[in-house]
Structure formats: structure tokens, C-alpha cells
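Each chain carries a letter (A, B and C) given by its place in the written order, and its residues are counted from 1.
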């Protein structure tokens, strides 16, 4: 029998990088085939080629034994390929059924959109595979897990035989991931082929039959899931042994430096996103906030850094209650911020590295007089930071946009740490970074903690939270549903808390 | 909260952000202007005219027929005066662009500046060295505030500045020309029975006098040059310029890092308004002498094209403005063969079209170049 | 005038004055709902207005018995509309080519078209009519009710009996476009391209084609809007046309939150203010002693700012409005 998918010598070049270098692989019908690799290894590019979004510079694609020429999404859909993208391809303002039928609409009387037929079909498909969705709900009102379900229904609605899932668990809780795996298994039973892209080795070992490892655009090997293990895959993926633990010195928390009392913060839609939370933070400690995306993390970070007004409650820094809430005010109080999206919120991309290293501090006497910038000081400062943080290439005059993601994040971290803040708010500090850069950022955060600073860490990666935090607070529905010490917590328990299936009473602030 | 409306200006900011300085920054405008002339020539041919004759007239109109003769000085002066006025509105638009705002309101700020200059020029009568700076300061403050109002609405209420500045244009035009100039500040209030429409003439001490007797060229050229140097230093050297650029290139990152982006936008827009206002003042104190009955030379709108063709920088805008100042002065001469002086707009419009496409064109060039380069690297790797 | 007549003439003049704004603003609506910003409405109107007159003029055949020569009023105004549409298609294509294919900057392209139209139409006016003031009067739809029979019908006759072809278009098209955008399969795709072109592309929707349809459609509507001024409100092209109405249309589109019917009412709102002003001027001229005419003329614009500030400050444009889309962009 022919393979479901056969890729022969696929090559794709982007300006400056070879995203896929001569990749050949076969996927059998009815198997769950995983592709793992670090960010930038070329996984997504390869799948976008298979799905017809990109045209390969060289190579051939066969679907069920038939060669594909002039591939396009439309053609891929016809051939039975469906793709669930890492960043959902859903239109927030549209309803679930509008999103699902788009491009394959039902029409009555020649031109009219047949909404009833669309609703029925969506219901039928979703029931067939046990993926309940409400066709009339607007996508922007759905939680991420359900949005992903909509994506899967969308693909199945188009009669997909081969499903590509691009990093599907990145945004899910452990429990939601279990549900997803259940769905994948039932899809497999009904004869569908699933291609599963991930960089989480544990998950891949659990769900996949076979695992392909990509590194720097090259295929490093294909392993049978039953005959391999995490260490072996990691070595293929990174090219060296990976340390799974960050060395962390004993904790020695001291005085409380930040106190938050009954904080209420409004979300974008005018309803409270954070509903009366209280917590405290001490020097020499990292407080991690775990939780599924969209449970008030963004609003909390924005309030702590002065980007969003506080509706009710108090923020007390070093014993003084905050009365003004603007980023420049908070910075003066000793709060620094590593934002979650470095390209969008952390850096002015067309600026040089040097000019990015002192944004926000430009009015300090070191960087400027009353009117003019002090060029000499700026140059020596940036030269020193570039060396200290090993920002490559070692040239502070380069436009920051031309740096790799890891080096861009180093610029942000260097700037924020150079404030010598009392409180460092780090929001998803390693999102999209490769293993090396992630290790670097983790080391820096621990270093800050050990130097006596208080760190607030917000992350959707449970591993990261568990690895770095001294204490872990779990956010669910805008409330803290549990606050635990890092030693006593298990992943399962955090998962239950994150889904709101369990909650603890609030702990009091220590005297 | 305070998020911008993701409308018109989003595009231009992204476009501006995606630029990196390179040689083509200078080549693209020149090529664009060249295409402007070519397309305009085709239009002349299509309507049965000789473009060669047309352009000869345009050139003579701009620079005179031979060096050193009487007409040459007069004509060249005309181009420089126009260029100076264009420079100021062009810089206005450029400063706003650099903070991420689209100042379609330069025209309104220009008119506000003109009427304030007409009023102060009429009221103040000290010596020119005190009179004129005082008038310009007054104009800068009023026009600056008029423009800053639009930025303030954007910062505080999230109202798109494209719409507010358009509205403020019409408000300025109507209040000035249909009320102030015909009503409280009409010439007939001071000289009953005057046959002129518009406001009375400003005092002699308020006039920017011609520098050479044979030409209308006046000190507005120096004012424009000072403004160019001011804007250049602002962006190259000053803290405020740094804040303006950071805000314009990524308002979110600037704010996250602790720059007061709202205040920066309002200040930048104030500077923009002041520049447009001074431009209007230069015309009133220089060539016009008073606010005429109807006064809409369109230099505010032209400022947009000057800034765009000049790549939104001080020097580029200056040269684009001088160039089109000459084109405009020269185009008047084309009237001789029945071509209206707005012919300059055709060249300007087409040139701007090419400027608009430059990212696309440049990107294509870049992509082809990169592909070749990477292709070669890959091949050599294999060997 | 009794109350009924006043109301009727009030509404009629609102529709008549509002027609160019409505048509141009609709052009903006369909363009921006597909993700292409169009601030070239002003220039497109100007071109449409000129070429409509030219179209009517060049079809003139019969001789003027009094003045001699060809009587410009003997042409075919429908040919004028045709030419306005054709020019709209061409300018729409141009804006589309720069914005879509070259992924150029949509605002700069719009500014350029406006500047070009300003000089270009003056140039043509001089070339074809040897003047920079206004064209001669041509055969037009001014004062030509499309359905004259309606004027006899009670109640509605007073209003609808006077409407010319452009007025009817301005009243009907908002609903047609609403139907298209919200009730047809094509409309769903059209909006999806404005919201999230990549998502639409992954589902096989042809993003470029829809965007071209949108810019061309927008050119046609803006061209008609210009024609409605030169061939509906007047019977000639005046060099001041459209004197900023294209920008007002842009404001009406935003005020109407990018929806066709919202835009219809927003446009009428702008018009009502100036119609009210002309009524006060004729009905109670003594008021003008206390409130100068300049204030009245500025009033619609002042009101617009107030309305934007207090009601629709956070109007949300289509998510991808103004962003060029490139197939195969690296994610």
C-alpha cells in the first residue's frame, strides 16, 4: 500500500536561512507520526510546504502515492490534508460555523449563504468525532482549548484524511492535553493519519508511533517511539546532552517587598479579568504564576507594571501604596519588566542594539543632559552590555531586528536587569527561544533572585514554572486558586488547579 | 485602554518601521521624480502638446533663460520662496510621521498660522528684529496647540488622528475664511469702503522684506533652513528626538520600557503644528502681506508629498521641497502654452505613486538578491 | 410652506446633498472590509466627476441653433456614467496594484492619487475645455427624476418623485452591499480577507482576487460619487470638486463603523447639519447676525469630532485593514 505522505528531498530557503535542507520521509496511513525539533528547526516550514502554503525550492510530494504538482491549500484540502496551525487560523469576529465553512460555504437560491445547513453540518461533523462545539458562538468568546477543537472540526469538515497538528499542546493544560490525545487516538482508530509537531519530548513519546527529529533544517533521524527515550531524542535535537535541571541555590527569602491586596483589574471587554487577588513577594524569591492563557495573567502583569489601571485594591511596594499607575512611575519605584512578546513589546526593532539598551532610561543623567544624548556614555554602556551578555554579533550598532530571537531577548534582559530593579516582572521570558537561550534566561533569573531581587514569573510552560519558582500561585478565572511551595507540588495537582477542578483557601500574608 | 484604532495610520507606521537606511533611500525618490516627469510628458503628448516645449518653458520659468540676467534672479527667487514654504509644511508632516501620526491637518495648521500672523503683524509695531520673532512665536504656539489637540484626542480618547485632522482643516478654513476674515478682522473695519477682500495689511515692521529688489525671495528661506537644522538635530542628537523615534517605531515597546508615549505624541504634534503655522506666517509676512479673501494655496497638503518623497527626514524633505518649489515656480510659465500651473501636481502625484510602491519594488530586488546569495551558499556547502 | 412640505423638502435635500458622500463612503466600506485602506476617495471622486462630464460632452452631436457649433447639452449622460465607471475601474486597479501586488503603502498610494487627481483634472479641464474654472453645461441628470411618475403618489411622492438616478443608487446600494457582505458566501470571504487574510488563504480563499475586486468596486463607487456631483447636483464639472467630500466620506465610513448601513446614516448625519444650516439661513436670516455663517459651516465638522470623541472613539476597523498580504510569508 502507498504511503499517506511521502516527501522526497524537500528544500526551502528563506532569505538568510535554509529552513528545510533535503528532507525525505514517509508517513504510513493510520499512524501518528511526530516531528520534533527546536524552534527554527524547520518543522512548521515543512508542514506548510506539505499544506501548500509555501512552495518548496526543490523536492517532490506524494500523497497516497500520487505526485502533487503546483500545491496550494485548496489543492491540499482536496487531497485530504488538513492543518491545525500553531497560531490558530480563526477569525475572532466570526462565529464557529462561519469559520468552519469559510471557503466551502453552503449556498441556497444561487447566492444566499445557507446558514442553517452550515450549522447542521458543523453539528454533524462535531458529533461524529465527539468534538462538541456550539456553532453560533463567536470564536473570540471561546477558551483556547475549544478554539483548537474548532480548528480540528474545520479540518474534518473538509474531509481530511491526513491531519497536521502544529504544536497543538503549547496552549493547553495537562488535562486538555489528555483530551486532545484521546481525540487523536480515536481519529487514528477511524483510519486517519495524524502528523504531530512538537518540541515536548514526553508528549511525543506518549502519543506518537514514530518520531522524526529535525535540527537546523536537516532530518537527524526517525525513531520508533517504543524503542527510544527522552535523552536520545534530546541529543538528536540539540546535538549535545541537555541538562534538565537548573542548579538553584537554597532559598533564603527575606522581607516582603511587594504586597498586593484584593486587586481587581478590568479586561479589554470591560469585565473584571482579575477578581480580587492578594499575594506577597519577598526578596530572594521567585513567585511563579501558573495558569492557562487568558486567566488574567496578562492583565495582572500589566497592572503590576503600570500599563493597565487598577480598578480596586492596593499595590504596596516597599511599604508604600501606589497611587499613580503609569509605566514610568512604576519604573521609578524599582519595577522592571521583561514583556511577553519581545518583538512587539520589548524592542524597537529598527533601532540599534545600543539604542535599545536604554529605552526608558534616556532621561537619566548618565545617558543625556537636559537636551542632548551623551553619545560617549551610551557607546561605552552598550559595548559593556554586549560583552557581558554575549549579544551576538558583538556590535552594538547593529539594527536589533537583524539579531536572532535569543540575542534579541538578551538585549531585553540586559536592559531590564541593568535597571537594578527591586522587583523584576518576567512574562513568558523564554517563549520561542531555543534550548541554549532558554538556559541563559533561566540562569539570569536565578541570578537575580540570588542577588536579592524579587522576581514575578508568569509562564504557560509548567516545566518552567516548576523549575524556577520558589512559590507557585495558580491563576484560574482571574483568581488565585492555590498557592503552593515549589517542593510540595506535583504536575497533576497544578493541572487540576489550572482547570479550576480544585482550589485552596487563600493563605495569609506572613507577619 | 488607550490602544490606537487599527486604522489608516497603522499601515504607514509599519511601512516606516520596516525601512532601513540604505543608498536606495536616495535613489528611490530621484527615480520616482523622474517617472513623474515621464508620465507627465506622456500626458502632454496624449493631449497633443510638445513635452519638450513644455519642459523648456518649465525650466526657464524656474531658472530664467540665461545666468545672471534680470529674470533669472526673479524666477529663482520665486522657486526658493515656494520651496521654503513647502519645506516647513513638509517638515511638519515628517515630524508627525516620525512619532507615528499622520498629519493631514497641516493645511488647517497652516491657515491658523496665517491668520494669527496677519493679526499679530497688524497689531504689533516695534522693530522688525523684535516684531517678527514675536509673531512667529505666537503663531507657533497657536498652530502648535491646534495640532496638539488632535494628538491629545488620540492619546486620551483613542480618536483616529486622520479623521480629527481632516475635520480640523475644515473647521479652520470655515472659521477663518467665512468668519474672521469677512467679519471681525475684515479690512473694512479699518478702512471703510476698501475694495479689497481679506484682512488689512500687516505693518511694515512685520514684513519679511525681499532680499533682492528684483525678486520676491525673502527671509522665509532662512527660517526654513533653521527649521531644517532644528529637525535634523532633534532626531540625531536630542533626548526628545530619541523618544519621538522610539514612540513612532514601536509605541508599545516604548511605553512598556517607560517612555511617556502619550506626552511624546502630543509634543511632537505640537512641533508639527508650529512648523505648519510658521509656514503660513511666512507667506503672510512675506509674499502676501495680509490674509487675502480666499487663501488656500494647498501647501499643507503638499507637505505630505514633500515628506513622503523626502523619506520623512529633514534633509530629504528640504531637497524635495526646494525641487518642487522650482517646479511650481516654473510651471506657472507653462501657462504660455495653455498648461495650468497645477501641472506640478501631476508630477508630484506620480512621483508619490512610485514612492508608495518602493517597498514592494525594493523588496522584490532584495528577495531576488538574497535568493541568489543563499542559493550560492547552499551549493558551496554541499561541495 | 407648511410643516409637511418643510419636512419633505428637508429630507429630499438631505438625500440630494448626501448622495456623493454615501456613494464614496460605500466605496470605502467595501475596500476596507477587504483590508485595503482607501484614502484616495477624494481623488477618485474628482476623476469620476470630470470624466462623467467629458463622457456626456463627447457624445454631443446636434448643433446649437443659436450659438452655432455643437451643443454640449445634446450628449448622452449615460455615456458619462459609463466613462466615470471606467475611470473608477482603472484607478481602483492602480490602487490595487500598488497596495496588493507591490505591497506598497496604501496611504501613500492614496495620497498620490489625490494629488494626481488635483493636478490631472485641472490639466484635462484646460486641455478639453480651455478653462480652469468649470466645464460647459452638458446633458446630465440634474433635476431629472428617475421615476417621475412617483411624484403623483401621496406621502412618498414628495420625496421620491424628485430623486435622480444617483440618489436612488445612494438609497439602494447600502442595502445591496449589506446583503452582499453579510448574506452571501462571497461576502463572508470578502470580510474574512479583511479580518485575517492568512486564515482565509489557508482555506483556499483567493485573497488577492477579493482585494482587487474590492479596490475596483471602490473605484467605481467613488467614480459614481463624483459623477453624482457633476452630473446630478450640477450639469458641469467645477474645478473645486469634490472640495473635500471624499474626506468627509472617509469620516462617515469610520463613524458608520465600516458597515454599509451605519455609513448611510453617518453620511446623512453630516448632510443634515449643513442642510439645517441652509434652512436657518433662508428661514431665519436674523440668526446669522448672532451666529456667523462660518460657525454654521464649521458645525458639521465640530459635531463630527464631538461624536467621535463621545460615542465611537473605539470603533474597530477590520483587523487586517492596511496590512499588505504576502503569500508564503514566514510565520
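One rule holds for everything that comes next: a contact is a pair of C-beta atoms (placed from the backbone, for glycine too) under 8 Å apart; a residue touches a chain by one contact, two chains touch by 3 or more.
The shown structure was predicted, so the numbers you read here are calculated from the model rather than taken from an experiment.
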item: Chain connectivity with chain A absent, coordinates unchanged; value: one piece
item: Two chains sharing the most contacts, counting C-beta pairs only; value: B-C
item: CA centroid of chain B to CA centroid of chain C, Å; value: 28
item: Cα-centroid distance, chain A relative to chain C, in whole angstrom; value: 46
item: Per-residue overlap in chain C, given as positions that touch at least 2 other chains; value: 319
item: Chain A: positions in contact with at least two other chains; value: 14
item: Complex contact set, residues of chain C against chain B; value: 37, 39, 94, 98, 101-109, 111-120, 122-127, 130, 132, 244, 247-248, 250-251, 254, 292-295, 297-298, 301-302, 304-305, 308-309, 313-317, 319, 321-324
item: Chain C-facing residues of chain A, complex; value: 14, 19, 44-45, 48, 51, 53-55, 72-74, 77, 83, 85-87, 89-94, 98-99, 102-107, 111-113, 154
item: Interfacial residue positions of chain B with respect to chain C in the complex; value: 5-12, 14-15, 43, 47-49, 102, 104, 153, 157-160, 162-164, 166-171, 174-180, 182-183, 298, 301-302, 304-305, 308, 338-340, 342-353, 355-361, 363
item: Residue ranges of chain A touching chain B (in the complex, touch as defined); value: 13-18, 21, 305, 307-309, 326-328, 331, 337, 339, 344-351, 355, 359-363, 367-368, 371-373, 399, 415
item: Residue numbers on chain B that touch chain A, as the complex places them; value: 1, 17-20, 237-240, 242-243, 245-246, 249-250, 252-260, 366-367, 370-371, 374-375, 378
